[in-house]
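Two complexes follow with chain A in common, the first pairing it with chain B and the second with chain C.
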Partner chain A sequence: MPARNHAQWTATPPLKGDEWIDSRIYSDQAVFDDELERIFKKVWVPVCHESELSKPYDFRTFSIANEPILVTRGPDNQVRAFLNVCPHRGMLIERRPSGSFLEGQPSGNPKRITCMFHAWQFDLKGNCVYVAREKEGYQDRLCKEDVGLRRLRCEVKFGGFVWVTLDDNPAVGLEDWAGKPFECLRKTLEAEPMEVFHYHKAIIETNYKLWHDTNSEFYHDFMHYHNRVTGFNDAYFARKNESFEHGHVVVGTFEVNYQNYEGFESRAGLSFPHLPPNQWYMIDLFPGFNFNLRGSALRCDIVTPLGPNKVMIEFRGLGLKRDTPEERQTRINHHNSIWGPFGRNLHEDLIGVTGQGTTMRPGTEPRRVLHGRQENQTIHDENGMRHYYDEWGRWMNRLPNDPEQPWAARAEAQPAVAAAE
Partner chain B sequence: MSWIRVCAAAEVPANTAKKFWVAGGIPMLIVNYGSGFRAMPPVCPHMEEPLEDSGVVANCILTCTKHLWAWNLQTLEMQGETERPLQVYEVKQEGGDVFARVDKEILYDFEKDDDMDDDAFFNKS
Partner chain C sequence: MAMNGVNAADAVRDTIYRATMYLDAQKWEDWLGLCDESFHYAIKSFSPEINYDMIYLQGSRKEMLTMMRLLPKHNTDHSPLSRHTSVYTVDVAPDGKTASAVSSFVVYQNMLDGVNAHIDAGESRLFLVGKYIDKLTIEDGKARFIAREVRLENRRLDKGSHWPI
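Our next item is the complex of A and B:
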């Protein structure tokens, strides 16, 4: 293909309408604002793992769709989620990323969630238990019972992950939301307690969907030398991308030949329960969460979109809680050698999406981004992304390849073959 | 259990409070209010503040400095805005030692229990 002029470059590609998208879905502020409102405030989000709240009074803070959230384990061992917002004057209650309410703080009582601003206090069930100088200021007009925390739906499920939704009445319960894609690993993840052994995060200038796209397509194996030498064989290419309701995708397993890569060892000795040795499963959940099991270690990616061109990705590595110190160290080595910040693969993936983010900054010319590979839904087929954007279009009421158009305009906007300029 | 030696009287000077462990694991605060001793659980009945740190003893009054709950240590009367009584162990001095009478550990009840089903909770108006 010769180089193209502007008209040619911006022409509709010769693919079906669902085989490419318009890059404004990655760069437009209005699209981003809609995503928070229409998607992230409605879905179930895995926010952390229960092993990160191992003791009563442990907590973690994070955000969903800009709403600050606090997750705690109560004295009754139940994990609960609350808006991390004081009902008095809207102060952020807990400022630490994680910690425990068990011990007192300079501005907080033991076993209480305390807002440092005016010393209002809450118990681990969200009851307000103390309003400073309550009677003097409010007489009988307002009392503690009126000012409890905002509690959020929260469940621990699918191997101990903590799930939260901002929607009190979600369209589907958590089991119906993600039970089917988790089926392939459910027995494995629920066989015994797991534990997070690795955490790091990356804040990068790209759109969160580009990260999920990368997790959903394996065609970019060409960027991963490691994958090519340990894996490219018939079984590798035969793996299927299976689509599930609600925009989720699962990539089936195969046996990785780690011995093909110098310095790498088989993961067989530390396989997760109920799995044959050296398997590799991947679950991609709409709208941007990924569970990736490689033999001896589970990786989980959680995205927090921060802007059209900014995303925080939290990476966790998990093993079995009962690991001996030696087993744990081996698992960590296995995890980090592929997925650590200096591993074989992860930084390459980050280079990929950062490069995309650089070409799709807000204000750049709309580009056509292709995901039209059709290979019988096997590993280099891009049906996972097509399935995702089909779901995305419905939730957003926007066409992925023309985001100014409503989803209903889909049929008209899908020419079988592009009209040439 | 009955009378247990907690400490030497000299270990807790006037107008101070000190925490001890007795009977193999019961925490006990001994308070010297000048004209006598009191023995009690080492937490404020309000919000479980550690009274050894947050309590101030003066003029026979024990005040928890966190939210100003206070009690007269001689009469155990509640002072000001205090909403819950202080619970104490019976105490006596013999020779140079302080003894407390412990039948069982005194524990304040702090947690309310009013759990309801998630669907019921998130659908109430």
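Our next item is the complex of A and C:
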């Protein structure tokens, strides 16, 4: 077809209704605000790995849907999560990204979580244990028992990741939420303790879902010279995209030929437990968390949406805790040569989604974004994204290809699609 | 013949500054021409988040050369980088044959692509802050790199880069 005029450009594509979306779901502030309320405040979020809090009293801080979170390991070795908000006058209790409550602070004692502002102190279970001049100010009207921290549901699971939800009564428990997609790697990830060896973050001007899309679709391997030369063969094109309940997707494995990229080596010598050599699995969890195992190193991406057109992505790399220094070096090289901030593929992926973000900024004309490839649910089939947006539509009560319409409108508008599924 | 300390330190500074200019000009082979066969390159950063001294990229002279030669096959952000280097200390070994040097650097990204080239192109943004920790060998009045450790303060690296820093 020659270049199109405006009416042709904005016409409905000759695809089924679930094979494309309207770009307003990436650019509208109202959609974004809804996503924080309806999705991010409800789901299980993997905030970090337990090796980041390896000793009692270690802590890490995060945020989910704008709410500040504090995760800490108690003297009983239990990892707990709290809102990082002081019940007195709303001070952020811990300001650093990490540290240990074993150290005393100018306002407080060791082994206590202290708010610097008026020196209220909490133990590692979140109980308030000290209110400065309590009786003098509150007499018998309010006491320590009334002002504990806000505890959050927190579990360590699926290879030692720390999962938190802001919802006290999540629709499903963590096992039911993500157990099935993790099944393919569970034995591998739980065989022995892992350790994080890599962390960096990107804050880029794009929608968080475009990053998750990129992690879920492999058609963009055409953009990666590395993946073309190490991947494109019959086994690669036979890889399956498998959909799971709750919007999750797993991309099945095959054997990567790393040595086809000049200067790279096979990773067979350092395969994760219970895996044949040079396998590559990808687990994409709704609404934006990714676990990516390439033979010798595990990568985990966590998105924190900051606006319709702004996302923070935290990148982690993990190896086995028992690695010798030499093994660890090799894993780090394997991880970073492709996935590091100076690696061959990650830079390309981030340029790609930034470019999408540029054309779909708030205020741009709504566009059709296609995910209509059908290839028997193999690697370049875009069923993973279709599955994701089905789930997204249900949580948001919006049609992904017409976000002003409720999800229920889908059945009426697209009977053929509903029947096909 | 070993040089006196002052001349040797000058040779070290000269090599570090030349490296900065070659890197800015993306003359990778000229940059590696300043490096000994035994050269080792690493970009490192300490992460308080994970309490770990990380290696973001590393390679031998040969590995860096291979990587640079493959660059035309990769999609890369087009915005050139400008490094501002200040050599802080040069310590020449008593025999005058080797030296170590610490330099401070900042790297600006001179936007060509940016997010929207129409808006961003022509703007310079601070990209990286860190130190070069260099080891050099001195021979015939010339200093050559044996090792360069690029120590970044940044862990927020946004789009990242395909280029050595």
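Going forward, the second predicted complex is superposed on the first by the 411 of 421 C-alpha atoms of A that agree within 3 Å, B and C clash if a C-alpha of one lies under 4 Å from a C-alpha of the other, contacts with A are read in each partner's own complex, and residues count from 1 in each chain.
Just so it is clear, contacts are C-beta pairs under 8 Å (C-beta built on N, C-alpha and C of every residue); 3 or more make two chains touch, one makes a residue touch a chain.
Keep in mind that this is a model prediction, so the values were computed, not measured.
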In the overlaid three-chain picture, which partner chain does A:105 touch, first (chain B) or second (chain C), both, or neither?
neither
Touching A:127 in the superposition: chain B (first), chain C (second), both, neither?
first
Return first, second, both or neither, reflecting whether A:225 touches chain B, chain C, both chains, or no partner chain.
second
Between chain B and chain C, whom does A:12 touch in the aligned arrangement: first, second, both, or neither?
neither
Partner touching more residues of chain A, chain B vs chain C, is chain C
Touching partner for A:169 - first (chain B), second (chain C), both, neither:
first
Can A:347 be said to touch chain B (first), chain C (second), both, or neither?
second
Using the superposition on chain A described above, determine whether A:200 touches chain B (first), chain C (second), both, or neither.
second
Determine, under the contact definition given at the top, whether A:271 touches first (chain B), second (chain C), both, or neither.
neither
Overlap of the chain B and chain C footprints on chain A, residue-wise?
none
Given the complex, residues on chain A that touch chain B span 75-76, 104, 109-112, 119, 121, 123, 125, 127, 129-130, 132, 135, 151, 153, 168-169
In the complex, chain B residues that touch chain A
46-50, 66-67, 81, 110-112, 114-115, 118, 121-123
Under the definition above, what is the set of chain A residues touching chain C in their complex?
48, 51-52, 60, 96-99, 196-205, 223, 225-226, 261-263, 316, 329, 332-333, 336-337, 340-344, 346-348, 350-351, 354, 357-358
Contacting residues of chain C [partner chain A, same complex]:
43, 45, 47-52, 54-58, 63, 66-67, 70, 73-77, 113, 115-116, 155-165
